[in-house]
Amino acid sequence: MDIKILQQLLQQVQTGELPVSEALERLRTLPFENLGFAMVDHHRELRQGFPEVIFAGGKSLEQIRAILMALRSRTDHILVTRLDSDKAETLLAEFSEAVYHPVSRAMTLSRKEIADRGRGLILVITAGTSDIPVAEEALITARIMGNRVEALYDVGVAGLHRLLAHHELFRRATCFIVVAGMDGALPSVVGGLVDKPVIAVPTSVGYGASFGGLAALLTMLNSCATGVAVVNIDNGFGAGCLAALINRV
Amino acid sequence: MDIKILQQLLQQVQTGELPVSEALERLRTLPFENLGFAMVDHHRELRQGFPEVIFAGGKSLEQIRAILMALRSRTDHILVTRLDSDKAETLLAEFSEAVYHPVSRAMTLSRKEIADRGRGLILVITAGTSDIPVAEEALITARIMGNRVEALYDVGVAGLHRLLAHHELFRRATCFIVVAGMDGALPSVVGGLVDKPVIAVPTSVGYGASFGGLAALLTMLNSCATGVAVVNIDNGFGAGCLAALINRV
Amino acid sequence: MDIKILQQLLQQVQTGELPVSEALERLRTLPFENLGFAMVDHHRELRQGFPEVIFAGGKSLEQIRAILMALRSRTDHILVTRLDSDKAETLLAEFSEAVYHPVSRAMTLSRKEIADRGRGLILVITAGTSDIPVAEEALITARIMGNRVEALYDVGVAGLHRLLAHHELFRRATCFIVVAGMDGALPSVVGGLVDKPVIAVPTSVGYGASFGGLAALLTMLNSCATGVAVVNIDNGFGAGCLAALINRV
Amino acid sequence: MDIKILQQLLQQVQTGELPVSEALERLRTLPFENLGFAMVDHHRELRQGFPEVIFAGGKSLEQIRAILMALRSRTDHILVTRLDSDKAETLLAEFSEAVYHPVSRAMTLSRKEIADRGRGLILVITAGTSDIPVAEEALITARIMGNRVEALYDVGVAGLHRLLAHHELFRRATCFIVVAGMDGALPSVVGGLVDKPVIAVPTSVGYGASFGGLAALLTMLNSCATGVAVVNIDNGFGAGCLAALINRV
Amino acid sequence: MDIKILQQLLQQVQTGELPVSEALERLRTLPFENLGFAMVDHHRELRQGFPEVIFAGGKSLEQIRAILMALRSRTDHILVTRLDSDKAETLLAEFSEAVYHPVSRAMTLSRKEIADRGRGLILVITAGTSDIPVAEEALITARIMGNRVEALYDVGVAGLHRLLAHHELFRRATCFIVVAGMDGALPSVVGGLVDKPVIAVPTSVGYGASFGGLAALLTMLNSCATGVAVVNIDNGFGAGCLAALINRV
Amino acid sequence: MDIKILQQLLQQVQTGELPVSEALERLRTLPFENLGFAMVDHHRELRQGFPEVIFAGGKSLEQIRAILMALRSRTDHILVTRLDSDKAETLLAEFSEAVYHPVSRAMTLSRKEIADRGRGLILVITAGTSDIPVAEEALITARIMGNRVEALYDVGVAGLHRLLAHHELFRRATCFIVVAGMDGALPSVVGGLVDKPVIAVPTSVGYGASFGGLAALLTMLNSCATGVAVVNIDNGFGAGCLAALINRV
Amino acid sequence: MDIKILQQLLQQVQTGELPVSEALERLRTLPFENLGFAMVDHHRELRQGFPEVIFAGGKSLEQIRAILMALRSRTDHILVTRLDSDKAETLLAEFSEAVYHPVSRAMTLSRKEIADRGRGLILVITAGTSDIPVAEEALITARIMGNRVEALYDVGVAGLHRLLAHHELFRRATCFIVVAGMDGALPSVVGGLVDKPVIAVPTSVGYGASFGGLAALLTMLNSCATGVAVVNIDNGFGAGCLAALINRV
Amino acid sequence: MDIKILQQLLQQVQTGELPVSEALERLRTLPFENLGFAMVDHHRELRQGFPEVIFAGGKSLEQIRAILMALRSRTDHILVTRLDSDKAETLLAEFSEAVYHPVSRAMTLSRKEIADRGRGLILVITAGTSDIPVAEEALITARIMGNRVEALYDVGVAGLHRLLAHHELFRRATCFIVVAGMDGALPSVVGGLVDKPVIAVPTSVGYGASFGGLAALLTMLNSCATGVAVVNIDNGFGAGCLAALINRV
């Protein structure tokens, strides 16, 4: 169900074409339908500015396909995250508009151009090269939600001059996504350099006392810089969504 | 050091009144001065849109007073957080422009009106009454940074109808700060209802397996709703700052 | 050993047919027998209202088969949990009354109809589709223990309207099993809507700071709603048993 | 707001005395009122079978008094938990119907007899004497909710014969609350002896590796006995509520 | 190096056959020799009453074989723990005196009868069948160290009557090894029934909040019964050793 | 109830003086009596070789006094642990046989000489001076249970020569209690030097990453030395009990 | 016992003035003496380059005084750490050479000038002003061990320009001690700027998810910069010692 | 970029051959170049005394090869860590100067002799044979950075005499790397024996309550010996680097 369809419905109510009771009924019954195993929520675009996203982790190929089918007819843009390459291959053959992004393991299905809906630039930064898959998930998410996004990778705090060399780029961005594993110190440094919102994404990159990203997570939560908030470990998608909401006109 | 002073300086460089080398020197030396125990960073307004904030926790009355003295002559608005009431009493007698907010244990010192610099409304929500001190810290922080802020307290998920009754207020806000201890479930619910950024603040309210706010923190990091990011436990100040940055024009 | 056999025995004691000493001896020696590796407890039906359940996790096919053999001759209903599909296949060929439930990896063996022994309806609810396997284990457990059970899946708090749409169904149930991973917030919301016992089941669904279900577990333990108790992570079986005990006449 | 008042209201709607729109309005506006700091939820009796309970921990005397005032005029029974004795003393002087229970630090305010609304007996058991305060909170909660409750204290597993001596009492109960700190092993043993619901309450009693009740909590979550569910550490109130809901006719 | 060889050496010193300096030298140089990767400590039998034990976990077949070769010529009994079955197969072909115990994954190499060196009986008890591999490691360890050992498996606290049925056997033992995963409650119960040392062994058996045996470990450390001490999770070998030391004449 | 009284009772049964039914009745009713808040277990001496020990932590002076009264008339030796000095002072005035040990905060009440019931010497060792209170609790416990005990304090691994200087003393002991906080390394070293049982007691001595004794606890559980088992943090009493059981003839 | 005294002793052995046996005896007996509660280790200067340091935390005034008395006659420099100001006051009156440092709560007792024994400069850096007490403990420790030390406080990563302004000072140091709480990110940044050893000291400064310094500790252990090692939380003394050992000629 | 190239550049500035502005520009632009996925930092040799090290964990063969290509033309020595043997095989065929060290999974590429740049000997010690891979990583790292290194393996504290036998070797070293898993007690013992810096490396060797090296890590952080600092679990590379920095002239 598209925002335009809803607008039509409400205008019909305003002009008297549609009785309130019937409009109410349609709104109540339309938003989701039962696929047996999952309620697909068509209302979400309304509430969240974006159609249902499919978290493919732990779902079977059959489940993903069925949800895609249900969503496809009513929305222009779909995002599938955490999709294994073998499942992706099968779906690419079945859904012609599908594009698979192997680094981030994301698939996008767009039936028309993505319109630019953001106020400015979102900048995605990583501390190391191993953090790139998570960063790419954020980048793809923010792009399909209608934002201009640029990436700056491998500029961790242990080589501070690499980060500082891009100081100028920082001035142009309206929102930052900073992705880091291991010591997770990069968001603190970025947060101290800019006066824009910084979304910190800890990654599970590391070993030993990184405890699967816990060390980076705690570092970011304790950041001394102001304007920093944190999402779940490896949650590039969540960071991309939030950046899109912040960047909206 | 005010933004206007810096603008003057740069204009003088542009017009040739000030040689570049001297301008460089002034910029290098001005920003902070050594008080012996703490470097007060006058540059911060430049980089962060707000003067130095004093985290009073763990600082002696003498240290707080000295930093206040150093800051007062160069900035219009100062915020002191985590200030005990007994220290506050002494400072209120010494700094005539100081106002103390006992619930949040914050003190504000403003020498002129706070100009509205935000795009819209920031809504601060709490799950319970015990979360209010943290919420008030966020509210005061966002206000002194030039934002309109409203509060909606004690609307936790165990009595969902109380929250839903304010659904309309939700449409008016551009950014949400949701404060909750114990199960920390409220940001997930709010995040599912709105398509605006939600800053989740876990509090240390609770007992037993709340482990000083850890339970609420983990809940929020694992929120199924999109558009939610988390700050440190009890970090109302950080939430207020981030909301102000998001709400800026 | 069936409850009826025990009743007979006690009546024989009452009528004098059986000396107390011999009755005592038979009660002492009958209840379990040594299979070499596990003591099968035939007394359990007496004490727990249900025959021995076989937790197949970590047991070999041979062990499971031997326990099944020992139990089969004395009980009408057997439940095997956490049974891999390959082992299930072999057992299906050997035990004609066996039925395998692949989603929950449970096997049931019933030699007669399951009699309805419950007072009302047990409602099993999940937050997401990935929580369904655990929910199904609870559902199958409660059913084989003689209860009417209905399921309501994928109604997590991030899309609250989906849950509220089923408000009416809530009024009909006498006991709720609420299954959720990630933020684990659903039991708090359900607990706030109903005045019936709510059994919360955290699942290991999630990633990063969900720490294998720990986040959901802590959320549920800290629930602000009253009438909520928690079982172990992924313990659908335990939830089903407890619901059956609560629902008993 | 009493259930009877609501019944009257609905009957008036049925007989036509009250228009639907006005009934709707009254239901929407009555349930809570804004005291400035906390929304008192008068609807809760409706949804939860019991009036608002006041968790006094972290609330000032003024806040507790104000909530008591608001609740008192509309409900017959109020329960205040975690109330310090010095605050209790003041309130006892002001509220004539108040009774303070020092062991559990609970206060009850009843303006009429508590009617028995339960199906059977609730049995509260503790492992040690130090667990009694938590057990008493559960006992008082269940009693004010209209249940018959008996107590059996200091029968921990290290002296098993003490527990087994009361085997007969076990047969009479419909629901068990088992309270234990340190190793938290008692609910497993009780759960193995009975075929009734067991609500396990870990306490923070212990030292060293008990980690404030965490050890007992984990033990109970991992109980091998069926029919056991767990509430938060020291949460006697929650256990009492759940037992009352289970024991309801 | 056997105790007897050392006795001979010391007697030679006593009788003057061997100068002190030379004896000192031999003692200093004999006890270990460098295999390049590991120092085999032949002195251990002296200090610990038993030859070097090989912990095969993380060692290659080549390393295990080399250590076996070095030890074999000087000791009568060798124990290899945590040995995978495929490595065992190869070693069985090469070392004729080797015996492999698949349940516990232990291998024993004895070149003469094991003499009984203990004061009494060691009783090894498990809560469930899945705990048997750890129990068997303890049993084999204690046996090769010269003790009489009996086993009592699958008598967990959830079916207390099974345990109590063997009360008599308890009187005969001088030392108990109690092995349990999940809630780890069994050692508390056994410790309360007997007045002999109880060595508690937590196992990693369980799921969810058992956290790899942590729950059982904490339960055992917090045992209310006296006379209970704990070894590492799954450390059957350590329990067997300690029992042997306790049981020594 | 003393062991001798029980022996008399059984001999009377043997000689026919006492019918079995009456003996049974006396055994069933004698062992504990209800003080209202705690069941005092007089049977324990029977099962555990020592009368009830009173853990005074968390008990009021009134509770301790009442238990002492109940125990005093039937047992010769009582041990009170974790008793604050102010409570001790009051009790010393009331119980003439009481002796208070301020370092360990233990009180002993003996009405006759303590008979030596042990096989050999128990050696209590500490790593630092701050570990002494815990060590003294172990020492006093073992002594009142009829054992010879010696102490060797402040011989931590960071000054290894201090430990090794007492090597000879090690040969004389039959059982070791090794008490250490901070890194908890001492039991590993002692365990490697001796072939006797070593009971390791972690203490909460330390700061920072000692996490209240957790670091020492984990070190000891992971000890590479054989023959080491661990009791709870600061549990000197438990160590003393276990050592006494090990040392019994 | 001073190094010079030992040198004399060895020279006397070399020249034949002192028989080896007697020298051995003196070395064996001299190093420590029994004060009843603590073995004072005079050998430590030999092994560690510095006399016994007294960790006053958890020691009574009497214990500290007695150790000071024992040490004072044989050593020129004593360091007491974690000494409360009230105890310090008493000791200052009794030990004329004592100096108390209130910020770090350290006391130093030097009977002669401290000779410079280091190769270069040790630089102590803190992230915030609240980290200064720990930094001062490190500074005082390194100074009394004969090193030149400078301090640079309050230069955390959130205001990176403050740190970078002191880049030149960095070139002069041979070893860095970097002290930080909260996010603990500073050592990573310093480690990336210099090619000298960096000793990272996490502090317990912070709140919420800093978990008493755990967050900073994990950050530092996961530092991406090379040349960084970590000591315990708040362990300024340990950092100062290690820096002194690194800086030694 | 080699140090010599930089020296040339600066000399050209000194002699006037190169204008300052151009020199500045070259320094600003030269240090790193964008490979698309990773910024290779040629400046590091300057700042850290050693070229970029490639952490191969989580990098694809293509990524490793590309970085090697970029580095190879400008540096004489490259170290690759955590390189799987199958990737190593391919790279060995392509890079003729490459040497693979299978135990430590490190690869070194040196185009000229490694010059000795250290002051003395670095001694690498392990507690067990399973710790050797981590120790070898440290050894290889320190060697390629120009240091003399010796190894002493399998001398854990449970067999103290093995360690003490090498006491003499200890006197010769200027810096120690002590590698231990399980109880992690060895660095405390070594730290007590020497007066040189000790770098402690916890390893993930162990099981059960070793929690992947956490136990050893905590032990080392709490070491009672002075002069000990800790690096991340299994971080042999970090220990080798730090030792090299400490050992530099």
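Per-chain numbering from 1; labels A, B, C, D, E, F, G and H assigned in written order.
As a working rule, a contact is a pair of C-beta atoms (placed from the backbone, for glycine too) under 8 Å apart; a residue touches a chain by one contact, two chains touch by 3 or more.
Note that the structure is a prediction, hence the values are computed from the model and not measured.
Fewest steps needed to get from chain B to chain F, stepping only to touching chains, is 2. The set of chains in contact with chain F as well as chain G comprises H.
Two chain pairs, A-B and A-G, are weighed by contacting C-beta pairs, with A-G ahead.
The angle of the rotation superposing chain D on chain F, based on CA atoms and rounded to the nearest 5, is 90 degrees. Of all the chains, the one whose CA centre sits at the greatest distance from that of chain F is A.
Centre to centre, using the average C-alpha position, chain D and chain H are separated by 60 Å.
Distance from the chain F centre to the chain H centre is 49 Å, each centre being the mean of its Cα atoms. Chain B and chain H, compared by their mean Cα positions, are separated by 43 Å.
Remark: chain E and chain F have CA centroids separated by 27 Å (rounded to whole angstrom).
Among all residues of chain H, those that touch two or more other chains are 128, 159, 192-193, 208-210, 214, 217, 221-222, 226, 232-233.
Taken pair by pair, the chains that touch are A-B, A-C, A-G, A-H, B-C, B-D, B-G, C-D, C-E, D-E, D-F, E-F, E-H, F-G, F-H, G-H. Residues 128-130, 132, 153-155, 159, 161-162, 165, 205, 207-210 of chain A are the ones touching chain H in the complex.
If you check the complex, the residues on chain A that touch chain G are 127-128, 156-160, 182-185, 188-189, 191-193, 206, 208-211, 214-216, 218-226. Of all the residues in chain B, the ones that touch chain A in their complex are 47-50, 53, 192-197, 199, 217, 221-222, 226-233, 237-239, 241-242, 245-246. Interface of chain A with chain C (complex): residues 28, 31-32, 37-39, 41, 43-44, 57-59, 63, 202, 204, 212-214, 217, 232-235.
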